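In the part that follows, the structures are each spelled out as structure tokens.
Below are two complexes that have subunit A in common, paired first with subunit B and then with subunit C.
Right, the complex of A and B next:
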């Protein structure tokens, strides 16, 4: 009996010990943090997040809270995986006034809005190097349009959509001679110009149109934010280098205590345009549109732009002084506060829209610059967040009246209260954050649950991969009083900025296939009985189809050395997630990756006689390995007739 | 005893060698596997399949206009894989209405993913042809037209 009690006792103690050991090993806090980012296999994330691919030129689609990467949408750079910029259909997307440009520097994604709320129709993103704005269709998750901005250089303060997606904007970061001309660099001051472009968006088709440009003084226009709600109709641009220095800006553009935020009344601009108070300038810029109907992109070269001169048009632009080379320029969800972050400052300075309007009405000005009134600093000032950190950059907002600002130099995010300007919380980031993003955090309706911080420096956060390491995003839970770091996840390129939207708003609109009936590609083949090969001089056009798991035709003869062979391949599948690829030995382009119901084209110029194979590159069925074919290439002077077949028929 | 062990080991090796090098038996293996799965006999003309179609009224005479509409749809959506009189990627279509119910035919066209997973006849076809029936996203009325084309063809 005693023995039994002893045994039971030992078992009991062991159970207790094991359960204690188990708990302490897991850690109560850790387990709840992990649960917050865990999305079980087969389940979906709560948010789509669109992260700029930075110098990759592309746009990455991640899920939140998991951070998982779903897709890289090719936008400003060629993508051999998807044939974007390689196939005949999408090559025109990368045309510019400088010719075909295979690479771009993508910066700031921004989702379209209606009444100041995210509507999920389109995502816009700017290109910094060869100034452009792209529109991504959020039913296909493909780039639908790219418009170039003439007279601009370093398209940084862009695209930033207005409350009803009336406009996306593009302010030039680098002042340049407008129009471009041969002149001494040191004659910059007073001669170089900074152009602000307003690009209208058609509410049905989404198509963009360069509505007008405002010819501003030669400052650097860095960031922009549309007015919201009460300040709808205004656009705010931060500036630096009001010194108009042309060299060693690191020192020479930091001479003055204050630069400006340029407040542009775009409703006034519309009135001036209507009244004909613009000049028309000859210029050249490319406008590239992908037509889903014909599955082809076309380039139109435009030749004119309407210019507004703010020194001659009263009420169009005002300058709000802002300390220490401001970078971020962010407007809160109510539209009342304009937050400026002097990147060499320790403070965050906030202007009041109401006070700004009052100062304008009562002419409380402190001089002017190039004919543009400068509003008296104190008369627009709403408040200052005092010394929350070092090097403030960007601010986003939650739905409870709080603001969140990144501090690059002191590597942290600071949460502070709008109106009282008190600091509520500070959390370190790893390391040196640039932008941060709260879903809807730049609109009238933020979703204040998560915050993504986009860090500029990664160092030791992941397994090392040689000198080059990934960029790092960090996810915080901001639903409570204090911010809580949940996870790190790697990103492509350098994610300058991001935009996120609740998944329910767009996931059910996501296209599954392209209807074959609606395919009006000029070289479509809708049935195997219509496949053909046509010679036109030394051009050979192969009208081919693919379906699990064969190409029709798969044997082609009569091609000669020196021919230019076009493969026009239509994927006849009408089922979700059954793309087919095609690759040809020796083709100097890329593979094609063709979605169901789609037609794509690549060119092959055979250089030698022989029998050359092609095959499907995307594993499509159990008989994918059998999805292959041959092209016979004969000498230039051969008499072999053009012929094609499948199964010798 | 030792010898017996050796013989046993050799025998095992030989079996392994023979079975792993039995090169050309591919077709045979497939048909054997098919037999293993055939657990019970089913009457195909009683099987309506799985999917949106539970009953089709084919009591009337052939609707020629509908059949010709079906013929055009068959040409564009089906001929990449099916011929009427000869096996291609999938089976020949002539006689299909004599060996399958109209409901089964329509469900196979409209709901192939579930059919090849859950319906025994469809599963057997997948094993025989190895290429899954493609879902061509046809509507019920389009599918009905194709059925009418098959019926007309089978008169």
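Right, the complex of A and C next:
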């Protein structure tokens, strides 16, 4: 009997064990697609992804693999939600040589690198319409700096950071007269110029500086990619319209069999600058810097730029022929292969950096264009990926020697092997992808787990929202042999390009509050004892504080019709995630949304007598609804003295 | 002389208390749904500090809604504790050098008593902190019996207070302290097994009997004098703690020093006695009073003699005056008339409970 119990016991335990073993095995093998993108409530994503907002002008911060949207960072457009470009502190960020511009077209985010690896210090993004580059601080996730690019028009091939973030670049998409002048459009050929700008980045502060510009022939410069590793020191720009036509480009710029990739040796350029082989051109461009110390942005108008002329400076620029109006020109993590995607071609053409250098040394040239040597196509060619799809646009790389190319026309993404050029896998996208992005996929160290494909068209993919529907991003698992579509999620504006970084690299550096002690805003009020209201002619300055759950002062009298009232509001909180907002009835501006330790300013010009309320716009606390106050506005000729109080004190 | 194992233990034990000067001894944290990373304070022997930057500020901000007072930057204990700890370290090391196991166990018990007193003091502070609420608070909660809710944090352990979970735990400093105390006990036990232990109470050998155990008593006295001592009255500016009037008369003022070293001053002896009658005298340590013949000076009230005489008016109308000696009082009585009382009698006269 005892024995039997023992046997039954052993069998029972074995069954339990086997069933557990079986289950766990099954779970691992059959883990569903949904599980791969599921980030449980309260859990964090693996990656930060920065998706360009395209014509929204902003930069969206998503998590991967969930696709959840965390923040929209205002960069080139006013944002009433955050008072960016509305409050007195950030208005200068949108200044240009053309004056204040409330909107921009954001294109290509790129994260700073050290030794060719993502370091997560800053994220750069270019603006196409009014050529500019912005730098976003990845401790505050706020725009820290915007520099305008003179002599440029349509800043598309930008910003593309070099291995150690020495430079971000900007190639003009539209050739224009340089300097600008009144001339017949049909005299474009030979007269228009295409300028490539190199913007140096200070390694400590991140501050940008327009180091020099290269005066190139009047082609259209589309994309760029810095050399990596062995090709560090070079920058490759794709071109189209080498035909130099000025009208109906869709036909006239597509006539030649080959356009060029311009290979720029920027180390050589530095030597020429050092040797003084540049000319100085008078120009005008804005440089806007947000100082975290004073919490104010300032605009400096710059007036000069150094110009290098490649036709006179040997070894500075070479042209690599590339079939059919290349869009992408992408360098693999080893720095050896330069992948050109002729967007009207059915093939992907790859040049070899080693062969290119050899061709240069042995002068294997096929003539020149405007004094710039054209390298013989065959002598630099590494290989061709044959017939992978239609309309290749952009290529990124994983860490296993594979490349991934988007095809706009055939709406698919193709995985192929570097070196053998064989196609390994093809997957449809929904629909018509522009760029794709693999975290670190344009650096020396890609993280080959996920790929995000950025689509231009969605049509029926989501619930319809009238004629205007969203763009989208699609997430693929690329860890296996075959790509696997995991999810697609809508994005803001148009996601031209994206950049992603493992969350571990930056999440612990993310600021929680601004230290009140370090607030050197000229109108800061650091304690309720110091609040005051000051009249200066018809300007009234209110030095106000906010802390849960009141403003100080919250009763103000003595303001008159026709006054210009400045609210300088300091959020005295020093606790994570306790912003206070403020809005005033009838103010012709946005609310303020003030982070702990910050000071912001808005202007109100009262138009009528009365007692007008203001209130906190961010649900800050249990008594948020009580966080309110009044300003009494008296007639212009009234004798009522300025006074202010909190709790009648 | 070779050190014995017990001596080494007895010396290391007190030295571990040095940890209290470099690390906190207690921590109170407050977690809530909105505070997944709790707010907290670290309590040292001489200060209360943020667990993370701005925590105290943020705790005060939370607490103002329910009317709790701000966490003090400073309490008198912070001044006293470092001296007590320093003194106990010196004493412990001296005891260790003495090789007297009775002294080892003495140190152990002294530490135990001080520990209990310390915890009691901590509890009192928490009690005040949790019960002393501003009547104008925005949010007033009542407990199940309809009384105003108290927000006293737990002495040790975990307690839910509204949306917060308060956790109060000893930290590294306390562990060193406990280990130190334990080592002294271990020293005592070890010493029992070792030979030739003197049963004397003296710290040093009998040859040096001049430096007796009284030396340690002297240290204790010195220490207590640091904390519980009379304070001079600022005549003309100090206010009477009882009747709130300025203290002007230099022949009738009085003063109480509490067991915690806090000082209360009075413009008249009758005010002091009235205060004693309505409060718990247990918490008072010293009573001092002016005397008639040498104005401004303060004397131990327990040794004085008191005269109630209509010919000698006192500030608050009870015609009560103190004299340094019975003889002086008697002389005054003969001249002015009235009735004499000693300290106990005058307390009875004012209905001071014992």
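One rule holds for everything that comes next: the second predicted complex is superposed on the first by the 618 of 649 C-alpha atoms of A that agree within 3 Å, B and C clash if a C-alpha of one lies under 4 Å from a C-alpha of the other, contacts with A are read in each partner's own complex, and residues count from 1 in each chain.
Going forward, contacts are C-beta pairs under 8 Å (C-beta built on N, C-alpha and C of every residue); 3 or more make two chains touch, one makes a residue touch a chain.
Note that the structure is a prediction, hence the values are computed from the model and not measured.
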Fit or clash between subunit C and subunit B when superposed on subunit A: clash
First, second, both or neither for A:513, with subunit B first and subunit C second: both
Partner chain(s) touched by A:245 [first = subunit B, second = subunit C, both, neither]: neither
Touched partner set for A:528, first subunit B, second subunit C, both or neither: first
Partner chain(s) touched by A:623 [first = subunit B, second = subunit C, both, neither]: both
Contacts of A:638 with subunit B and subunit C, given as first, second, both or neither: neither
Residue contacts with subunit A in the superposition, subunit B compared against subunit C: B
Partner chain in contact with A:575 - subunit B first, subunit C second, else both or neither: both
Single subunit C stretch clashing with subunit B - from 25-33, 241-249 or 313-321: 25-33
Common interface residues of subunit A - those touching subunit B in one complex and subunit C in the other: 513, 547-548, 573-576, 622-623
Residues on subunit C engaged by subunit A in the complex (per definition of touch): 37, 53-54, 57-58, 61, 65, 138-139
Subunit B contact footprint on subunit A (complex, rising order): 513, 515-516, 526-529, 545, 547-550, 552, 572-576, 578, 621-623, 647
Of all residues in subunit B, those that touch subunit A in their complex: 75-77, 79-81, 88-89, 130-132, 134-138
Residue ranges of subunit A touching subunit C (in the complex, touch as defined): 513, 547-548, 573-576, 622-623
